[in-house]
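We call the chains A, B, C, D, E, F, G, H, I and J, going by the order they appear; numbering starts again at 1 in every chain.
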Amino acid sequence: MPDPAQLECFDNPDPGRDYVIEHVADEFTSVCPVTGHPDFGTVTVRFVADARCVELKSLKLYLQTFRNEGIFYEAVTNRIADDLSAAMSPRWLVVRTDWKGRGGIRSTITVTVGDAPTEERRA
Amino acid sequence: MPDPAQLECFDNPDPGRDYVIEHVADEFTSVCPVTGHPDFGTVTVRFVADARCVELKSLKLYLQTFRNEGIFYEAVTNRIADDLSAAMSPRWLVVRTDWKGRGGIRSTITVTVGDAPTEERRA
Amino acid sequence: MPDPAQLECFDNPDPGRDYVIEHVADEFTSVCPVTGHPDFGTVTVRFVADARCVELKSLKLYLQTFRNEGIFYEAVTNRIADDLSAAMSPRWLVVRTDWKGRGGIRSTITVTVGDAPTEERRA
Amino acid sequence: MPDPAQLECFDNPDPGRDYVIEHVADEFTSVCPVTGHPDFGTVTVRFVADARCVELKSLKLYLQTFRNEGIFYEAVTNRIADDLSAAMSPRWLVVRTDWKGRGGIRSTITVTVGDAPTEERRA
Amino acid sequence: MPDPAQLECFDNPDPGRDYVIEHVADEFTSVCPVTGHPDFGTVTVRFVADARCVELKSLKLYLQTFRNEGIFYEAVTNRIADDLSAAMSPRWLVVRTDWKGRGGIRSTITVTVGDAPTEERRA
Amino acid sequence: MPDPAQLECFDNPDPGRDYVIEHVADEFTSVCPVTGHPDFGTVTVRFVADARCVELKSLKLYLQTFRNEGIFYEAVTNRIADDLSAAMSPRWLVVRTDWKGRGGIRSTITVTVGDAPTEERRA
Amino acid sequence: MPDPAQLECFDNPDPGRDYVIEHVADEFTSVCPVTGHPDFGTVTVRFVADARCVELKSLKLYLQTFRNEGIFYEAVTNRIADDLSAAMSPRWLVVRTDWKGRGGIRSTITVTVGDAPTEERRA
Amino acid sequence: MPDPAQLECFDNPDPGRDYVIEHVADEFTSVCPVTGHPDFGTVTVRFVADARCVELKSLKLYLQTFRNEGIFYEAVTNRIADDLSAAMSPRWLVVRTDWKGRGGIRSTITVTVGDAPTEERRA
Amino acid sequence: MPDPAQLECFDNPDPGRDYVIEHVADEFTSVCPVTGHPDFGTVTVRFVADARCVELKSLKLYLQTFRNEGIFYEAVTNRIADDLSAAMSPRWLVVRTDWKGRGGIRSTITVTVGDAPTEERRA
Amino acid sequence: MPDPAQLECFDNPDPGRDYVIEHVADEFTSVCPVTGHPDFGTVTVRFVADARCVELKSLKLYLQTFRNEGIFYEAVTNRIADDLSAAMSPRWLVVRTDWKGRGGIRSTITVTVGDAPTEERRA
């Protein structure tokens, strides 16, 4: 099952700055808790780090732990946001999941934590 | 006929947050109440949930109940908005239907319920 | 000749809401009052209904009555706006006509009646 | 030579409204006053009429009178704006000319007369 | 070497108006002052003229004088801005150069002189 | 290893102006400090120079010094920003790195130093 | 009703050559003989002339005579092929009609008269 | 009027080879002999030269001589083919004219003189 | 002036194979021998080597020697084909030049030397 | 340096069939043997296996061994073809390398070993 302990961090190389980090994982898969069929989607993580940054390989391994988990789209998205928040305590974080069609329906879930930096609000 | 009882919900996994959920069903069909011919369109549902989220398979089955229903585009759109509102009591909801051409005319109907969250208004 | 009596309406299924309806007819033809040659164009109708909505098949038949009418682009556009206003008394209405090239000149005429709803103004 | 007398007008079918008319002529040609070589371009005219609208065939014939005229891009654009202003006294007028490359240089000239209507400023 | 005397002007046909003129030269070449290799780029000039407008053929010949000149991208861009400013005294001027890749690096330099007219700021 | 001494500068040809310089290097490669595998990305540098501008060939050679360096994405981006700041003392600087997918995850890091000029903020 | 007498011809300027002429009319309209609704389509005429070539304005006027004719797609296509054959006696003729969707169905009818020239067969 | 004397040639730099030359002139204009209105089109010339090649500037000036000539599309195309044949005696020549829409009809005329070289037939 | 001595070769690393090498240089410039104005184009070289392959940097320097040469498109293309043939004695060679528009005319010249390998003929 | 011993194989799961395998590596880099600068390209490997198939991770590690190797494009391509031929003895093999521009020149090298299967020849 999803294991936040997988998320390893390294020290932010420049904590004095507000700079924006984005990781896009487009090979995410979990299982529908209602039908038992696999779901496929893209997970986008965008944040301003504080003292710590999530390490990329550990993020990949963490995302892989959802592979056989029966879990709603909405819960996946909030869970990732919660686990990344716990691991990194970022200054700002957006997690968006884009799911391929199931029964002719495509879905997108977007969770935001904290206030966007000035540059982001202007974009 | 369209049956709102088909719409099942599960508990919002994170009701403390305003986050955005979007489902796009592009295999929708109903029947024209004037000519009796089939209509084909795409239904887009976008919302911020409150205590409950609509379950995806039940949404698919609910949308299928319109298949042999003679009903105007405008009524379809408002009906879906009403039924989803009743089932979920969302904080904000947009239902948009895009209809393929009939007699050389394409149509789009957009219904909005509630105030858009800050992020949406900025987009 | 153009006959507004062709425009039939049905009761707005949800008059309590400001929601947006758009119909795009891309097989429109009328006749140039100066040269007598046929004109071809697309008619886009976008509105917020009040008590009544125009029925789609009647709109198609109404638009067909321009087929052999000698009439300027500008008059077509205002005429459709006037007839739809009389038939539906919409809260807001935009009629746009896009005309194929004649003598190397393409034209677009846009008529707006009433104030756009909040969502439209933001878009 | 360019002859504003070519520009015929008809009565604005709805002078009580501010509505937008656009004509795009993409088969325009004149002559370079320096080299004597032909220039080719597109003329876009966009306006809100007051009491009169320019008639399309007369606009075509008027634009054809530039065919063998030696005239700068900038003068063509202002001349068309002046002649249309004199003929129609529009409430607002934009004339834009887009010229094909000459000696590896492409050019665009844009002249605006009067204040844009509310809808245009918002766009 | 670059010769501003090449830049000939003609009287602005309508100095009473603020209207926008844009010339795009996409066959520009000069020489890198460090490696001696040729550089290739596009020069975009956009301005509101005051009393004088630059004549197009003279602009072409002026730009050709950079062909065998060893000069930095930044200096090319400022030089063109300075020479056009001296020749025309425009009310507003933007010069942008877009350079093809050298050693895997593409570059863009943008110089602005004076305040943009209202229409431009809104765009 | 990355060597800021590689960064050579030349005198800003027009320090009296705030103008914008952008260099895009899309053949950047370094090494992942965790897995030892090569990383590939694009480095975009955008700035307003003060007294000095970075010379393009030296920038290329400087970027090549990361080729066999084991270093995090975040550190690469801040390091380039720091080294360019030290070499040029620019008035404003943005460094953005866009990394190709590793383990199915694509990343983008954006570092900003100083306040954007007026033109940039409006864009 | 369709009137082949509209089709005027001029002498082939080079009857000694087999060369290919193609005219594409994309503003064609006729009427469905079953429903009475208008049909819209594109008519493509491609031929090698013998002694006579059809004159373009007369072709336009001839095609306009179908405007209010109730006639099947297949009959339109054969009728045009017959009338052009009678008027021009071409060495080779293809008439193709492409019809916009009606009830979700698009149609194409192709009629060929005579043998294609060598160049056409190779293509 | 069209003047073949405008067509100047230079010695084929390599008459021992069959190689293919193509010139595309997309700023061609002549006048309709029936309506007197201007026609606009693109002229494509493709050939294998024998002893002589047409010089490009003279080709441009020759094509400009059609500017005010009343002449059918078919005659333009054959005329250009004849004049180029007389001037160059090419081993193979194709002249194709593509005309912008007039009265909703677009036209293409293709004239071939001589046998295509092997490479062309295979393509 | 063009100097074939610039073309350096290295031993074909696998002369026992017929394999295809293609180099595309899209920053080529020479001078029109009639007007003295610069010409800009793309040079594509495609060949099967025999004992020797042209070295890429020397090809770049060789192509740069045309920079200030007054020479026809046709002569450029044959010259490059001749010089590469002399330098490499390839088994098969195609040189194609694509020239940007001059006076509204774009040109392409294609020279082939030797027989295409089987794979190429099939393509 | 490139080490073919890195290439590990597994037994072809269906040697009785001619089926096509393609691997595309778009993060390839080596070093120019003339200038010492890094080269970047894409390596496409396409083959019909006989008894053995190359294992994907070993292919990745093998391609990484070129990272700091000074080697010509042509030699890289033949070397990969030779090493894969030695490791797998495929029935048919194509190796194509597409190199990013260096000094304004892009290159593609294509090596084919053995006869293409029927399906491939038809494509």
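By our rule, a contact is a pair of C-beta atoms (placed from the backbone, for glycine too) under 8 Å apart; a residue touches a chain by one contact, two chains touch by 3 or more.
Predicted model, so just to flag it, every value in this text is computed and none were measured.
Taking the definition of touch as given, a chain qualifies here only if it contacts chain F and chain I alike; those chains are E, J. Traced through touching neighbours, the fewest hops from chain A to chain J number 2. Interface residue usage between chain C and chain G, two copies of one sequence, is largely shared: over half of the residue numbers at the contact are used by both copies.
The interface holding more C-beta pairs in contact, when E-J is weighed against C-D, is C-D.
Centroid distances built from C-alpha atoms place J farthest away from chain D.
One simple way to say how far apart two chains are is to compare their mean CA positions; for chain G and chain J this gives 54 Å. Separation between the centroids of chain E and chain F, computed from CA atoms only, is 27 Å. In whole angstrom, the spacing between the mean C-alpha positions of chain C and chain E is 46. With touch defined as above, residues shared between interfaces to two or more other chains in chain I number as follows: 27, 37, 40, 100-101, 103-104.
Shown are all chain pairs that touch, namely A-B, A-F, B-C, B-G, C-D, C-G, C-H, D-E, D-H, D-I, E-F, E-I, E-J, F-J, G-H, H-I, I-J. Against chain I, the residues of chain D that register as touching in their complex are 37, 40, 100-101, 103-104. By the touch criterion given at the top, residues 27, 29, 37-38, 40, 64, 67-68, 100 of chain H touch chain D in their complex.
Residue ranges on chain A touching chain B, taken from their complex, read 32, 34-35, 72-75, 77-79, 81-82, 101-113, 121. Within the complex formed with chain A, the chain B residues making contact are 10, 12-14, 17-27, 49, 53, 55-57, 59-60, 119, 122.
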